[in-house]
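We call the chains A, B, C and D, going by the order they appear; numbering starts again at 1 in every chain.
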Amino acid sequence: MAVRVILVGQGLVATHFAVGIERIKRGELEPYGVPLAKYQLVYDIKDIELVGSYDVDEEKVGKTVYEVAKKAVGDILPVPETLKSITVRRGIHLGSLRGLPFKAKGLEDELGSVRAAIEALVEEWKKLQPDVVMIVATTEPAKPFHKVEDLVKAVERDDRDRLSASHAYAYAAYLYAKDTGRSVALVNVIPSPLARDDAIVKLYEEAKSIVLGDDGATGATPLTADLLEHLAERNRYVHSIAQFNIGGNTDFLALTIPERNKMKEETKSSIVKDILGYDAPHFIKPTGYLEPLGDKKFVSMHIWWKTFNGLEDELVVNMRINDSPALAGLLVDLARIGKTLTERGIYGTAYEVNAFYMKDPGPRGSKNMSRIRAYYALIDYLKKTGIIRA
Amino acid sequence: MAVRVILVGQGLVATHFAVGIERIKRGELEPYGVPLAKYQLVYDIKDIELVGSYDVDEEKVGKTVYEVAKKAVGDILPVPETLKSITVRRGIHLGSLRGLPFKAKGLEDELGSVRAAIEALVEEWKKLQPDVVMIVATTEPAKPFHKVEDLVKAVERDDRDRLSASHAYAYAAYLYAKDTGRSVALVNVIPSPLARDDAIVKLYEEAKSIVLGDDGATGATPLTADLLEHLAERNRYVHSIAQFNIGGNTDFLALTIPERNKMKEETKSSIVKDILGYDAPHFIKPTGYLEPLGDKKFVSMHIWWKTFNGLEDELVVNMRINDSPALAGLLVDLARIGKTLTERGIYGTAYEVNAFYMKDPGPRGSKNMSRIRAYYALIDYLKKTGIIRA
Amino acid sequence: MAVRVILVGQGLVATHFAVGIERIKRGELEPYGVPLAKYQLVYDIKDIELVGSYDVDEEKVGKTVYEVAKKAVGDILPVPETLKSITVRRGIHLGSLRGLPFKAKGLEDELGSVRAAIEALVEEWKKLQPDVVMIVATTEPAKPFHKVEDLVKAVERDDRDRLSASHAYAYAAYLYAKDTGRSVALVNVIPSPLARDDAIVKLYEEAKSIVLGDDGATGATPLTADLLEHLAERNRYVHSIAQFNIGGNTDFLALTIPERNKMKEETKSSIVKDILGYDAPHFIKPTGYLEPLGDKKFVSMHIWWKTFNGLEDELVVNMRINDSPALAGLLVDLARIGKTLTERGIYGTAYEVNAFYMKDPGPRGSKNMSRIRAYYALIDYLKKTGIIRA
Amino acid sequence: MAVRVILVGQGLVATHFAVGIERIKRGELEPYGVPLAKYQLVYDIKDIELVGSYDVDEEKVGKTVYEVAKKAVGDILPVPETLKSITVRRGIHLGSLRGLPFKAKGLEDELGSVRAAIEALVEEWKKLQPDVVMIVATTEPAKPFHKVEDLVKAVERDDRDRLSASHAYAYAAYLYAKDTGRSVALVNVIPSPLARDDAIVKLYEEAKSIVLGDDGATGATPLTADLLEHLAERNRYVHSIAQFNIGGNTDFLALTIPERNKMKEETKSSIVKDILGYDAPHFIKPTGYLEPLGDKKFVSMHIWWKTFNGLEDELVVNMRINDSPALAGLLVDLARIGKTLTERGIYGTAYEVNAFYMKDPGPRGSKNMSRIRAYYALIDYLKKTGIIRA
C-alpha cells in the first residue's frame, strides 16, 4: 500500500525528497539521514509515492520535477527519470515569494480569489488522492488564527494580507479531507504556525486528519538543544549563547528580509528557556546570505558557562551542513508516520511526533525539550501506537 | 548527619573539591557544576565533611590541605582557612608517580611491605571513620584481578608490579568496612579498573559496601557521547571521529607516558561502538602536554558523516575546559549518593550511577550510553531508591 | 619631553589607554600589545601624559578618569590613583550617542551652537596645550566634506545633521593649531572619514599638523587581511568569506543601529578586493550585541577556496579578543608617532602610518594592503624619517 | 623549450602534479594553487614535461602513471590519457617504506649494491635528460653528511643504515650532471636534509647545479608562520601554541612511526623561535592517522597571548586541506624556477627561493621567516635575476 504525497513548494527540500525517495526505491542509496530507517514501520520507505507538486515560480510551473531537479542538483546527484512523470502545478502565492528575485504568479491571481484557488486545489486533490500534503515552501510571514471563524472569514473576504499561503493550503487540505472522507496528514516544516494554530488543529480533528509541525528541526537548532541539555544536566550556568548561520539557498535569501527572519528567530530561540530553565542571553538567528555557500550552510556557535568553583568554560561549534537533505530525510519519516497516525485514529496533532521533528512543536503552548529526550519519547510513542512494529 | 570523606591524591581535583565544598558551606559559592544541586538529596552538600587526605608527593605530605590549595589555586580562588585542620598524610605509592617529576615516597617504602601499609591505613581509618573514600590520584597503569584470591595473593607476596595503588586503597577500604562493620563507598574517578574488577565488586558486596567507577566522565568524552547519540538518532553515517586533548596539569603530563595514555585511550574509545552501533574509525586520546595551558585544557574534535542523498556534513567542536573543577563537581554528588546507596542496602556497584558519572562504567562488561539517556535513567533510579527526595 | 594627549570619548578604549600608560610608567606592566614597544622611538612610552578627557555621557562628565576607570575595569585591573587628577569635561555631542541608552548632553546644547562649542574647546585647549587629540568615541554616522568651504559653512550654519562630532573636534583641533602655532596630531580610530576627507587633510597641512586615520585596525579585520594575503600569494581562488563579530561593549550596542553598522561594514569590506584583486563574495560585519560577552568579543570566520587541480580547501577561525585593549595598544604608538611626524615637518596625513594602524587608511582613495606588508613598509618609513632611532 | 622533469616517488603529490600539468596544458584547468601563475616566468607552465617516474612499491613499478593516477584520484579527477606514455620505473628503496604496509623492492636489491643502483639511474637519466629531479617520496629518516667524503664513503661501503634514499637520489643527480655537463635542479619537498646538507650543496655547486629544499611548506606550517608574524608585529606575548594534524594519506601513516614523525616535528617547530624571537611553548606535530580523511587532512590550532594591559586573547584555527595538491602546486613553480636558476648561473642552493617554498629552508643554519615576508623577498629576487620577466 502506498503513501501518496503532495509537495507544496518544489524547492531544494522537495527536490532532495523526490530524488532521494526514487534512488532508495532503485536500491542505489542507503537511507542515511532518515531517523527511523532502522526500525520497521507500518509503511516502508519504498511505499512513498509522489503524486503531485506545487509551486508559484514561473521558472518551475509546468516543468517536470525531473527538469527542476536536474537544474537544482543535477551537478551533484543522479536524477532518476521516473520524476519525469510529475509536473509542477501552479499553487497559491499570497505574496509568499514577495521581495525575492523570482517571477511568481499564484492560482488566486489567475482565478480571481483565494477561495477560487482553494476550490481548484480541492478538485485537483480529489483526483490525486493524497494521503499526505507537505508544506516545504520558502519561509513566509504568517500569524495564527486560533478561531476557526476568523480563518473562514479571511478566506471569504479574500483578505490576502491576513492569510498566508500556508494557511490557504492547510484549509484546502482540510476541505479535501472533509469532502472525500479520506483522512489527510498535513506536514508543515516551515515556521508558519499551523500545528500551533488552534483553528487548524480543530478543523483537522473534525476531518479525522492530522497536522504535524511547525518548522522542521534540522541543522543547528536541534544540536543546540542537545548541547544545552548536556550543560543543564551538569548544572553549569550558561552566560550566553551566540549562534550564527549563513548560507546561499533561497531560504537564506528570504531570511535577509526582516519580517521573514523574525519568523525564524522565534522558533529558534524558544529552546533556550525551555531547556535551561532560565532565559540565558542569546543571539540565535539566520545571519546572512552568501551565494557561493549554496545549500551547505556554515554555522558557528559560542557558548560559555560557569563551572564548579565559579570558573569559566567555553565551547565553540562550527559546522558545514547540507540544509535541504537534512530536512528531506525527516520528511521520509513524517510522511509515513502522518498517514499511520490517522489510520490509528489519532487526529488533530501529535506532540510526541512534533517534539522530535519540529523546532516549534504544536499544539500551541507546547514546550521544547532536548532532542535526545524527545527521540526516546517518540520511539516509545510509536511503539505504543503500533507505528513501529514490534 | 555528615558524609565523612577521605581523599586519595591531593591534586587539583581533590583541591577543587575541598575548596569548593568549604566555599559552598560558607555561602559564598553557588553549586554550579554539581549535576544534582537542584534536587533535594538525602544528604545536603553542606553535610559533606573532609576528614582525611593522602598523597605520596614529598612536597605535599605533612602540609595542610590549606597550604596545598593556596599553592595550587591561591592565585585564582579564595582558599578557606577551615582547610588548615586537615593535614595530608602519607599514602601508598606503588610507583604511581614513577616517571613524573615529583619526589615520591609511599607508606610501603617506610613500613617495608604493601601489607603493612594497608594495615596502617586501616588503623588510621578506624579513627577517621570515613563514609566515602575517593580515589582522585594521577592516572596509573592498573589491571583488574577478577579473582579475589589473586588480589589477596598479590598483597601477600608484596607483588608491587602486579598491584596498583588504586587496588591497594580499594582493598584497604574493604578491610576497614569489614573490620568495623561500617559500610564504605569507594568512588574511583581515575581509569584504574575497580568497579570493573569482579574481585573488588565481590569484596564490597561482602562488606556491605559499594564501589562507584571507573574514570569520571567530564570534558570531551561525555560531550562526544551525546554528539554521537545525536547523529545516531538521525541515522547519519559517521565516517570518522578525531578528538584531540591537550593540557598542562599533572594528568596530561602523566599521559605523555605511553602506558598511562593507553589506560585513558581505552576508556575514551569505548563510547563509539556502544553508541553508534558500529566502530566508526576514530582517533580519541589525550594528545599532548603543554604547560602554560595549566588545568584549562584545549579540546578539538572533528566528526563528519553521510546525510540524506549521500551528501556529506561536517562538525568541528573546540573547547577550553577547566579539567579539575568539572570532576570535583561530580564528586559532590558521588559522595552523597555513595553513602546513601549503602544505607539503602545497595552493595557491590550501581550501574545506573556509573553510567552517568563514569567514562567506563562498572560492573565489567557494561555498555556506555549517551549521557543524556544516562541522566534520565539516573534520575529515575535515584527517585525510586529514595535518594532524591520526592 | 612629554607627549601631551587629549582623549575624546572616555569609553573603554580611552580607559584602557589611560590605565595602561600609568601602569607602564609605574613599572608594573610590560608593554605587550604596543606594536613598536621593542623599538626605540624619539618619544618613550613614559613620555606620554594625559592632559584632558572629553565625553557627553552625563554619567561620566564631571567624574575623574579614575572614577570612570574604577567602574569600567576596576574588577579586572588595578586603577592607578594618578588618574584622579584628570576630570572628564563636557564635549560635543551632535547626536553621536543618539539611540543608545545613555543620557547625553553636548557643549553645543549648553552654549547654543556648535560654533560656540568649538570655540570653547579651542580656549580650553590653549590652556591644556595638547600635542595629540585622539578620537576614541563610539562609532557615529559621518560623511566627508572634501571641500573646506562646505565644512566651514556647516559650522557657520549650525548644521547639526550634516556635521558629525568627529568633524567638529577635528575642526577645533585645527583652529587650536592655527591660533597657537603649535602643531597638533589628530588620531582618529573610529570609522568617521577624517584622514579620508580632503577638507580635513588640507586644513591640517595648512596648520602644520597631521591627521592619522581612519578606524583603528584591531581584531578580525587585520587578521583577515593577512589571511587573504596568504591565500593570494598561493594563487588560491577564494569562493567566499563569512566573518561574524559579536560583543557586549558600547560599540557593539551602537552597531545594532543600522546606519552605524553601515559605517563599519564599509571599512571592513574594503580589504577583500584590495588584497585579492577580485571582489570575492563576502559577508563581513559586526553581527550582534550580546551583553555578557562584554569587551571580549567572539569572532568567527569561514573562508574556502579552490586549490591546485580544482579541489577545495576550507578554513575556520574563531577568536575571543579583548576589543578595547587591542586598540589602546595601538594608541600608545600613534600618540608618539603623531607628535614626531609634525616635528619632522610631515603634515596633512601619512599613508605609511595609516596603512598599518587603520582599517581604512587615508588619504582618500588609498588602498588597503595586508598588515604584514604594511608593517615592514611602516618600519622602513619610521627609520627613514628618524622616528625609530637607529 | 621544455622543462624536463623526473619524479621520485609516484605517490599522491607526484600524481596531482602529473595530472594537473596535463590538464593545464589541455586548457581544462586554471592554475589555482600555483603561487606564481600570475607572473610571466621564463618558462611557462605548459613547458613542463614529465619524462620519468620512480617508485619502489611493487603495486606501482611497471604501471603507467595513467594507471597509478586512475587508481589514486580517478574518482575525483579526470586523468589525461597522455600519462599513459610514462611508465613508473624501479627506484632506490633503502628502507624508505620500511614498516609501512607496502611490498617494496629497490634497485639496490636487484643489482646488489647502492652504488650499482646509483649508476643504473645515471645511465637511465643520460637518456631521459632531465632538467629537474623532484623528490616527492614518503617521509623517511635521514641525517645530513656535511662532508662530501662521508657521503662518498657511505656509498662505497654500501652503508644502507647511514644512507637515505633521498641522499642516494641526490648523489645520482649530481653524478648525472657532472658526467653530462647538463645542469640539474634537485627539488626536495620532503624533510630529508639535502639543501641543509653542506655536502650536497657543495657537490651541486661543483656540478653547476642547484638543490632546492627542504620539506615543501604547505598546509598548517606556513599559515602558522604568518599568524605568528601577525602577533609578533603587535608585540603580543604568545603563551603557547598547539597544532594538531590528522589525515589518511601515506604520509600520515608513515608519521605514526616515531622516527619519521621526529623528522617532521623538527621542520615544523623551527618557525616559533625564528619568528617570535622567543621559544614560546608549543606542541606542533602530525598527530595521527585516520584513514577515512584520506588526503584532506584536518588541522586544529590553538594560540593565546597577552595583549595590552595584561589581558588575554585566544585564537583557534580549524582547516580541511587537500595535502597533496597544495604541494603539487608549489612544484609547478619550483620546476620552472629550478631550471632557470641554473641557466642564470646560480648554483648550490638559493635561500630566497627556499625561504618561501620550504618548511626548513637551506642552506644549513638559515632562519625561517613569515611566508608573507618571504613572498615579497622572493618576488624581488626573481625579478632581479630575470626569472620573472619585466
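Everything below uses one rule, namely that contacts are C-beta pairs under 8 Å (C-beta built on N, C-alpha and C of every residue); 3 or more make two chains touch, one makes a residue touch a chain.
Protein names from UniProt, one per chain: A, B, C, D = Myo-inositol-1-phosphate synthase.
Because the structure is a prediction, the values reported are computed rather than measured.
Visitor: Please tell me whether B-D or A-B has the greater number of C-beta pairs in contact.
Guide: A-B
Visitor: Indicate the whole-number Å distance between the mean C-alpha point of subunit A and the mean C-alpha point of subunit B.
Guide: Once rounded, the distance between the two centres reads 44 Å.
Visitor: What is the distance, in whole Å, between the centres of subunit B and subunit D, each centre taken as the mean of its C-alpha atoms?
Guide: Here subunit B and subunit D have centroids separated by 47 Å.
Visitor: Using the touch rule from the top of the page, what residues of subunit A touch 2 or more other chains?
Guide: Residues 314, 316, 318, 320.
Visitor: Specify the contact topology among the chains shown, as one of line, ring, star, complete or other.
Guide: ring
Visitor: Between which chains does touch occur?
Guide: So the chains that touch one another pair up as A-B, A-C, B-D, C-D.
Visitor: Would you mind writing out the residues of subunit A in touch with subunit B in their complex?
Guide: Subunit A residues touching subunit B: 16, 19-20, 23, 29-38, 76-77, 222-223, 226-227, 229-230, 233-237, 296, 305-322, 325-326, 328-329, 332, 370-373, 375-376.
Visitor: Quick one: in the complex, what on subunit B touches subunit D?
Guide: That would be residues 239-240, 242, 244, 246, 281-283, 287-293, 298, 300, 302, 314, 316, 318, 320 of subunit B.
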